[in-house]
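Structure in structure tokens, see below.
The chains carry the letters A, B, C and D, assigned in the order they are written, with residues numbered from 1 in each.
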Amino acid sequence: MQRIGVFVCWCGSNIAGTVDVQAVSDALKNEPGVVFSANYQYMCSQAGQNLIKEAIAEHRLTGIVVCSCSPRMHEATFRKTAAAAGINPYMVEIANIREQCSWVHKDMLTGTEKAIILGKAAVAKVNLNTPLTPGESPVTKRALVIGGGIAGIQTALDIADAGFPVDIVETKPTIGGKMAQLDKTFPTLDCAACILTPKMVDVAQNENIRIFSYSEVTAVKGFVGNFDVTIKKKARYVNEDVCTGCGACVEKCPMKKVPNEFNLNMDNRTAIYIPFAQAVPKVATIDPMHCNMLKNGKCGVCSKVCAAGAIDYKQQDQYIEEKYGAIVVATGFNPISMDKFDEYAYNQSKDVITSLEFERLTNAAGPTAGKLLRPSDHKHPHTIVFVQCVGSRCSACAEKGKEYCSKICCMYTAKHAMLTRDKYPDTEVYVFYIDVRTPGKNFDEFYRRAVEEYGVHYIKGMVGKVSPEGDKLKVQASDLLNNKQLHIDADLVVLAAAIEPDKSARPLATMLTASMDTNDFFTEAHPKLRPVESPTAGVFLSGACQGPKDIPETVSQASAAASKVISLLVKDKLTGNPCVASSDELMCNGCSSCERVCPYGAITYVDKEFRMPNRTIAIRRVAQVNPAVCQGCGACTVACPSGAMDLKGFANNQIVAEVDAICK
Amino acid sequence: MQVNEKKPLIVAFCCNWCSYAGADLAGNNRLSYPADVKIIRVPCSCRVNPMFVLRAFQRGADGVILCGCHPGDCHYTSGNYYTRRRMAMLFSMLDYLGIEKERTRVEWVSAAEGAKFAATMNDFAQTVAALGENKRLEDLRCKR
Amino acid sequence: MQKITRDVLVEKAASLLENGTVDRVLGWKKGEFDYDLTPAVFTSADDLKDLVWNDFCGANFSKYLIANTKKSASKVLVFLKPCDTYSFNQLLTEHRFDREKVYAIGIPCEGMADISKIKAVTGDGISSIECGEKINVTTIYSDDTVSFDLSDVMAERCVNCKSKKHVAYDELIGEEGDVIESGRFDEVERIENMTADERYAFWQNELSRCIRCNACRDVCPACTCEKCVFDNPNHSLENKAPATSFEEKMFHIIRAFHVAGRCTDCGECSRVCPQNIPLHLLNRKFIKDMNTHYGEYQAGAEVGSRAPLVNYTTEDVEPGDVFEGRE
Amino acid sequence: MYRIAKDSINLLFAKIAEENALYLPVDNEKGSSEYKKWEDGTVMSEKLNTVRSPKDFFFPQVENLMEFKTEGKNIQLIDIREDSEDFVVFGVRACDVKSFEVLDNVFLNEPVDTYYKNRREHGVIIALACTRPAETCFCGTFGIDAASPAGDISAWMTDDTLYLEPNTEKGEKIIALLGDLVTECGAEAVEAQQESTRRIMKKLPLADLTTDAFGGDKTEEFFNAPEWATLSESCLGCGTCTFVCPTCQCYDIKDFNTGKGVIRYRCWDSCMYSEFTRMAHGNNRLSQLERFRQRFMHKLVYYPANNDGMFSCVGCGRCLAKCPISMNIVKVMKTLGGKNNG
């Protein structure tokens, strides 16, 4: 029989406001096994924890129930408290009487009644708890970073700096990501390439970092400390180790009309290409969709001109299997498609562009060599309209846009407007906005300079329609502050498209068993306290895959993720979750149902000798669970018809006891 | 004390990673739902054995709802897919035995869907209340 | 199709015993009357004089293989009707016995007779039954012989036979049959089409007769647990008696669920129920539902196949939608 | 002896039901019969016997014994014994009547089972003579005359008349209750039927089965008999034989926690079950052979040893009809008892 202590928390008035805590602790005093029951203002405080420790010592408690906030909040706290007082931390159960009781019910009587029942269920469960000890597993001291943008680069550099090997997997032929496409960065206006490319070079030169460019992750197995990852290196038809990046092949390639995705298809590249001058790795890649040699065997020019002999038309996709201790997701973002925003005529006029396209137009390495020229006629635009929140904060148009704020648009639009006015003072610049959001270091000052020093016309209101007419774009908009309709004849319209997670994120999340929100951003383990960890142990989040971010935020999160990875990789062993499945070999009949449903391959079968009636021995096939691999989902427990498979911490009889207590 | 009209009792099994967190979020946002709903935390919806569901009815529950991560979002990759098949079969069987199908439900509620959690519970509680007491899966020994 | 005779089986068994291929034979042994055959182990040619093959050899031997393959180093000979072979494969899928320890002879089956259907006509007091082209029955109450066509007194499960094909054997006697279309889900459908109240009344009536003798479970080739949860004092399902109508339902729902995807629809449960509860209709409901929602699946058709409940697709039907199109 | 026209039998039932709960065999849609409470319109089954024996009336499959309630940390014991109503069971066959004697020896000897006694005292048995025994019948083996059943009242049904012969005070009271409904008559009225039945009994396939080889002193002779191995070989270990048997009387006492208290109840148990008589040290009969042997040794050896040679089988034939593998006491008796047993 357990000796259970019940501790009812007031949580100030959070619980005590709707739940009669005294009544709860009194009622639970009479439950089977309960020998002590008390309530206190803040159980999680030092004083509250001391109360628990003292009660454990004084009443020789074997188990405790804390009626408090969600176990997701303080279960770990109270487990530590219990451990410090000398009882097994898994002898602690939490009755969630805050989030699932006092905060959702308004009436004191109702709240108290329910709190007592939840407390009884927790007591019933603790009565059946058994001390649990976590198992241990080794840690592979190597990290995988998925995505080679600024987030992935920073994370990889930091991990490598700590002395651990890191692999970066990047789908594009080069690392660099979105930042490589940007011109200047707000609010300092330093050039993106100037600060990014040295880091890219650092990556290339770091002995601890391997880059798998033009590659993708195709399978992930295992668990924290012990991931087995399959990486597909797509055939680039160029031997990476041999290619010097001289560019002779690119120069001679006869296939010159391939849309250049790096410049957002605003100019063309060749079929064999290096995305940009500072690409890392600086090796050529053949685009199999456009290469005549690969398509119909007629060409072979690049092979002839390559002095290094790097061209290999027979190259195959290559699968690499590697073990990792930790995985960082840094898959980044993309602007959303403008196809559904017909009102802005994006698909009707070349002169309606997105902000990222604007970046390329103003970038010295871009299609216009940095001169701001209209895509349609390469003329200098004199009136530019910037439209903010295109697809962002779009609660009514969920089918084409996003409900959330994309966060970076206000600042980059201010940057674009300011730079335009700075370089081309003859250009009138209008910015239509819903709100201007500038909560960042030097952000508001930056925005005000745009308005006050550079004379950018900021107009609160949305653009209703853009209609191409001749070489003009007729912009109809409303000015909410002056309550009037505006008609502007613009030369160029720039849309601040919302950003969304990269499409590769969703399948990746499935492979990683990492959870995502409805917008396909990766969910963090805790929105405030564990912002760079995924709920899946060993998977970390870096950059915009977790939510919209600007560069400084991305970099700081990337470093944070790296430090989390480092603190994982420095460990030689991990202690696991002790709430794992275990098989009662006497009951197991070896049917394999459990093995079939286990998502982790944690169950294996062995032939074992059993003593049978009348001194006979029988060899039976029975299931065994690898506690280091088992994650404790419990799928096997239901698949098992014999009731041989049970889950520690969530055992059949424990859950049944909870059901019984609730249904009393 | 006045004898209260018997309120429907609802047992909600919530997976730790999504739905239990969704319920917490409903609490954080002070979204109310009937106190008749009592939550039991399980690591994953796939931990829920049909016997738990039947047991709840036996002991006096009027409705049983399972909440898990959305299909594809299971913390354990595939747990809720098994839940989906198992409960589809169990519920169909209960219906086959003439037990009101409205008394059982599976809902996918993510950690971010506090509002959906509250709305689901409100709706389910209402549905179950309309059905009245569970008579067809009750155990008379537990009713006194 | 030519009916095979008892003598063919005896001859075969005797020669396999003789040449040492097997050291034991699982077969049907004659009883006090002509219909009460007992599954038995025959170890010598002399024993085999009591081996019977007639229209009452319903018992499925597959489950006996679990114990009998462990009894000696030699093989055991088993006679399998087509439906028995599905159980045989399912048990192999679940690693319940060593295939190498079995010599399986597939025997064709035209269906088995149900003695209660015969007695419904003749009444009690049967003094003899002869199985041949016709089933000839005499009773102590009459000098006349009553003749039946097998089809008139065939057991329900045989009327709705799903397969005359053997899916496993080492040797086949007689001709091989085919998987056949059967009306085995008609009765399930009939119940589905009742109103909820009617369904409830139907099952309440059927299950209320349950005496929890466990015959359905103990005969079931899918119920091969070392110890059934209902017998395990450490399990919360442990229960010995249908104390309330809830307990009746609990037992049968859980049992049907535990064998869902593993039940081959051999029909033994209903055959042995002393109270004639149509237990197969519970199992068939699961089979029908799984076929409808997860694709056709026949447990035991192949060794090693993955049953629907230990499988999934990302596009599966939602639990709330399985009722669609129904009342 | 009394008689009543068969046409008026419903009047008789109605009269009995005025003061007693009346149970009689009724056909169910499955082609078998079961005891049901009589109400106006109930038609008595013509079947030879019910699947479940009438032992349920005195020794039900599940019977609540007492209840515990907890309030805080106090425990309170509640007697939940139901006040048994007076009841009459009509149509019990000779074999089943005899089974009550077997049960009485167990339950009414010290220590008296008051639950059983209570029901026994409130029950009246109207036994009905058999006319068309089945091939599975072998009551004669145990000295039972199917044509002359015991019981509080013995009854015979002919094509047109029901004859009643009270044997006990309880039986007399029922006859008194019937009053004018029945007319007195001589016992010779049923002799022809009795003779016919007895003739049929001799023709039954199991008519020659005897108990000669068995009895209380045969433990050593049979306990280690090698035949048990083959006899029990295919036993499934289910409880069908025990649960349809009118004389099997084993039960388990279990607690059911209702959440508000504990109901202590007893329910039938079967010596065929692997968990039967599981004790702190485990189980005392580990193999199905041992469990199977126990059942038959009990019926044919141990019980007679304790009950002046009375066997605890009445030859009703239910196990012959219902065993899933058709293994039964007749096969055991014939195998162990040698040629004397048929």
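Keep in mind that, in the parts below, a contact is a pair of C-beta atoms (placed from the backbone, for glycine too) under 8 Å apart; a residue touches a chain by one contact, two chains touch by 3 or more.
Predicted, not measured: the structure shown is a model, and the values here were computed from it.
Asker: Comparing centres built from CA atoms, which chain ends up most distant from subunit D?
Answerer: Checked the centroid distances; the maximum from subunit D is A.
Asker: Find the most central chain, measuring centrality by the gap between its CA centroid and the centroid of all protein CA atoms shown.
Answerer: B
Asker: A-D versus C-D: which interface comes out with more C-beta contact pairs?
Answerer: Here the pair linked by more C-beta pairs in contact is C-D.
Asker: Cα centroid separation between subunit A and subunit D, in whole Å?
Answerer: 72
Asker: Quick check: how many Å separate the C-alpha centres of subunit C and subunit D?
Answerer: The mean C-alpha positions of subunit C and subunit D differ by 30 Å.
Asker: Provide the C-alpha centroid distance between subunit A and subunit B, rounded to the nearest whole angstrom.
Answerer: About 30 Å, centre to centre.
Asker: What is the distance in Å between the mean C-alpha positions of subunit B and subunit C?
Answerer: 37
Asker: Considering subunit D alone, which of its residues make contact with at least two other chains?
Answerer: In subunit D, 256, 259-260 touch at least two other chains.
Asker: If a residue has to touch 2 or more other chains to count, which residues of subunit B qualify?
Answerer: Expected reply: 50-51, 55, 59-60, 72, 78, 82, 86, 141-142.
Asker: Pull out every residue in subunit A that's touching 2 or more other chains.
Answerer: Each of 597, 639, 652, 656, 660, 663-664 in subunit A touches at least two other chains.
Asker: Going by the touch rule set out above, what shape does the chain contact graph take here: line, ring, star, complete or other?
Answerer: Drawn as a graph, the chains make a fully connected set, so complete.
Asker: Under the touch definition given earlier, write down the residues of subunit B that touch subunit C in their complex.
Answerer: It comes out as residues 50-51, 54-55, 57-58, 71-72, 78, 81-82, 84-101, 104-106, 136-141.
Asker: Tell me, which parts of subunit C touch subunit A in their complex?
Answerer: Counting only subunit C, the residues touching subunit A are 70, 93-96, 224-229, 232, 234-237, 258-259, 262, 306-307, 309-311.
Asker: For subunit B, which residues are in contact with subunit D within the complex?
Answerer: 59-60, 141-142, 144
Asker: Given the complex with subunit B, which residues does subunit A contribute to the contact?
Answerer: Against subunit B, the touching part of subunit A is residues 70-73, 96, 98-101, 103-106, 110-111, 113-114, 117-118, 121, 509-510, 513, 515-518, 523, 535-536, 579, 597, 599-600, 631-635, 637-639, 647, 650, 652, 655-656, 658-660, 662-664.
Asker: List the residues on subunit D that touch subunit C in their complex, please.
Answerer: Those in contact with subunit C are residues 28, 30-32, 34, 48, 51-52, 61-62, 132-136, 200, 203-206, 230, 233-234, 236-240, 242-244, 252, 254, 256, 265, 267-270, 273-275, 278, 320, 322, 324-327, 330-331, 334.
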